[in-house]
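Down below are the structures I want you to see.
You will see two complexes here that share chain A, one where it goes with chain B and one where it goes with chain C.
Take a look at the complex of A and B:
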């Protein structure tokens, strides 16, 4: 027998009130932890994706929109930039590689991205290196071929020639790992793109593309995308028609949606960034900085949520206090007996405070476990929604949180403990109850 | 062993002060078995509480085994009580939710030295409860509860056993048995036994009978 056994026994004896008060503590702690863990893990996951390239170039507009649309396949394009601009930018000194990107179509809710084969060769995922294929291969369509075909296509189109006889590519597709598993697609299957990125029934039957490769999982939005040779975008019926081609600037359908760009060094990175942003037709953004800005923005809402969850913890601890306080009347005799057996008033305070601390500890531990479970579920949903894989893991901060909540529980227990402290043992023992 | 000099304890209620205990002199020898009798409200239980240190005298001296407990701090009195005094109550005051064995172990918890389950079990076995170690108080008869309470009061080899109406809740046969066990235990532990009782037939079994009415 020891003090801890007495504490545990008392906590067990009041199972219902212990469970309810511990559950309310758990709820607050779970909210607090889940918000923190998810925010941190999401930021890490998004930053990992942002590391695919150091710079994104697109039409002037909202820099966050450009990053989200190009890398995360969210929202809409800021507009197009011309092939001439693409050529100027990719040929700047210090550019390591530049991949043209065309966006705007989808297949069963999965974005279709027009790229050249350099995309598969150059893109590196932090921690896992270059893209690899779990099945099949890349399509063979280089940036040089794209530039050549683009000039050929629109040069002849403008001259009134029919371009369809001059095709130098096949309608092929490479799909991300999630697309393959979710849509049960395999190499050799054909997909028919639909126009637009939202639900659409406008099918590009002329551009049925054969799947030639399936990418290995990357834990980034690449897993949710379908890649086709970029020139296919311009050859689909309804894309880059004569009418749309008459539009100029960012509405010019002959342009490209964005450029993923990697520079040779930090020096060139800054220089190229400045050069591009001095242009009137394009802007450069650093996706990692955009993600930091995004999470800073989310962070203010995040703080409010964390304050609310802390208030839930405080209210729950007050619940522990009230529950113990209400039990004091019925427990006076117990304390009086312990005092008669030699327990000091300090021992009585310790017992009651520890009971409160144990309830808070149980709640905190359960809350952290609940948060881990919730974070895992939410991480799965986030992966489904954005393709970003986040690693939900508990940090040392959660251990500190458990310790702090336990300590706060012990402090909350001091109020009923002081009530117990004031118990007049002699008076209680002489009553015949 | 126990010396009381001019010990006085008053109870105040508003402007009224009532003297509950007023003992000029009282000496009790080591190992002596003393019964305290007196009318209700005569201060018998308060005297026990003064001896145990649960209640502090307003004036006077109480010296037990050379230790003046009236000068001790509250925590000092708690330690003294834990190490030297075994308390036995009329209603036994066993703790619900704890087995017979655990209730006896509680008697050792606040004293110096480790809590020894084996000693608690031996004590219960000596009192005929070897088969009831893990029973809850509610699962024991009144007589068995009285024996658990006795085991708890004596497990720590106390110098003094303070018993407040220990047979008050028992029928005459059980009371006789409980009293015999109480004498047996106090003798085997060389404890001084001070017992409050209103029952003259019980008091007659003690070495000395102190009437609170005459004592004050």
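Take a look at the complex of A and C:
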């Protein structure tokens, strides 16, 4: 008598019941795995982006908001810092490079970021190195040029914005890989920025920018952004001439939104961090720590979700138990025949427990596959939303999970198995004569 | 059977509740004996209490004199001296004498960009002081290079490191490279004990985001 054959035959015979109970196990397992895999992968993806620079400097405010706005292009800016502050900060001992950032406009839901050409030269993505161009080139506008031109535009000698210069300024743009594919843009095309980061109809027709380069995909929010020379932000109509707002002290219209800093690790980084945070007009944050804080926060909710998904698995296993137990009445004769044919009571227990284990195993395997599929779909959605690419992969833990669920299934099968164990062969067979 | 068990349980409960027998009146001799036997051995703290630079120097010199193959040194005693980057050899003699010695010290990892598989990190004596007090000086930071290429995950707990101390003065792009380096280092994570933190400081919540919270990563 081959126990495995009997188990397989029994499972096949009760196809509907088996697949329904296995599906409920699969649902619980899928939930459990998907929550864990997605959380881990998204944290890695966000941390990868956080590694673009070690320190972000912005106006005093919420540190997480500053990180999310500057690196991930989410939410709103914490405010502006003056060019004088930028110059002081970038000239501190220990600063390797400092990239000024201006934010606030968009083009068809893609944020427009004002940068200097150092941004393209210095930014490194963990695992793939410096930024590269799939097509075209960077615009030629250095930080030094920016400081010089900013001085020229708003220096003490200048009465204000000189629009005569604007006529000679050529607006250029570099776009991220996703922007190019999604909006079907190519080098040579022109984009017209709209004012604000939300859907706005206020177009900066004066600043139609020609695309000069398309960045290769990085798997970070850089792919979803459009970069223009930072000085263009100040030349656009209505940007730096908002004297009313400036006078009210609501914002420094001539300031910059943030600074990306790369500093020498250890002593210098700590000193710079401390010096900036001691200032009244700026704050420094370590984006990697901000992301840790964010995911720690998410982690609390994640634990609750994982407990709920574990409860779903437990309920599903109870379902397996109930299904097998309910079938016992109808199967008593089957067990009696098996006993009459020479099967020991232990064999009967093994058969029923194995049936339960097989259902749990099938559910667990299907659940893990379902989780991978769900994680892939959700990862694509997350990429669309944030630009962060997350690599969904299953770990050895999932194999342990399958083993644990199978074992738990076998244990759940013990109750109906004991019921089968008690079957009196002679009584059952004689009662049916 | 059940009745007997219940009676036995009641008996045990009654015995436990009964008043203890009064202790005999202490004699001076018995008191002395009891004091000797219950005297708690005062645990020697790792953290140095040397205040002045002279005291720190004396402590280090004493350790060097003892000549132990592995020297147990608090980072506090290695710092405090005035660093002048214009000098060719800015180290005091007693610090220079530690070069190449195997040492054991304790401190905290300074949080940086990576939180997993960290192979090189900077160790400070007090994470609390580092975050809420004066930032550490160049001679108060130890760069640790672990032997294990897999490195370790970030922790805010106290860690003990052991390795070969290198006392080096190098400049790169006009910036001073780490003065104190621990090479071929091994580590063990201890419970949180920060000599710079207030006694009731709770590391799990107290750093409030300045240092990532959580046991370890």
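Side notes on the structure shown:
Note that in this section the second predicted complex is superposed on the first by the 412 of 433 C-alpha atoms of A that agree within 3 Å, B and C clash if a C-alpha of one lies under 4 Å from a C-alpha of the other, contacts with A are read in each partner's own complex, and residues count from 1 in each chain.
Assume contacts are C-beta pairs under 8 Å (C-beta built on N, C-alpha and C of every residue); 3 or more make two chains touch, one makes a residue touch a chain.
Here the structure is a predicted model, which is why all the values come from computation and not from measurement.
Per the definitions stated earlier, placing chain B and chain C onto a shared chain A by superposition produces no clash, and the two fit side by side. Contacts of A:345 after superposition: chain B is touched, whereas chain C is not reached. Touch criterion met: A:13 reaches chain B, while chain C stays clear of it.
By the touch criterion defined above, A:271 lies against chain C but remains apart from chain B after alignment on the C-alpha atoms of chain A.
Contacts of A:334 after superposition on the shared chain: chain B is touched, whereas chain C is not.
Applying the stated contact rule after C-alpha superposition, one finds that A:94 touches chain C and leaves chain B untouched. Residue contacts after overlaying the shared chain place A:124 against neither chain B nor chain C.
Between the C-alpha centres of chain B and chain C, as viewed from that of chain A, the superposed structures give an angle of 90°, to the nearest 10. Closest contact between chain B and chain C, by C-alpha atoms in the overlaid model: 26 Å. Of all the residues in chain C, the ones that touch chain A in their complex are 110-115, 122, 130, 135-138, 141, 143, 174-176, 178, 209-214, 217.
Per the touch definition, chain A reaches chain C in the complex via residues 47, 50-51, 54, 63, 93-94, 264-271, 273-274, 286, 288-289, 292-293, 296. On the side of chain B, the complex with chain A involves touching residues 45-46, 49, 52, 54-55, 74-75, 78-79, 81-83, 85, 87, 89-91, 93, 95, 97-98, 102, 105-111, 115, 117, 152, 164.
Remark: chain A residues 1-3, 5, 9-10, 13, 333-334, 336-347, 425-426, 429-430, 432 touch chain B in the complex.
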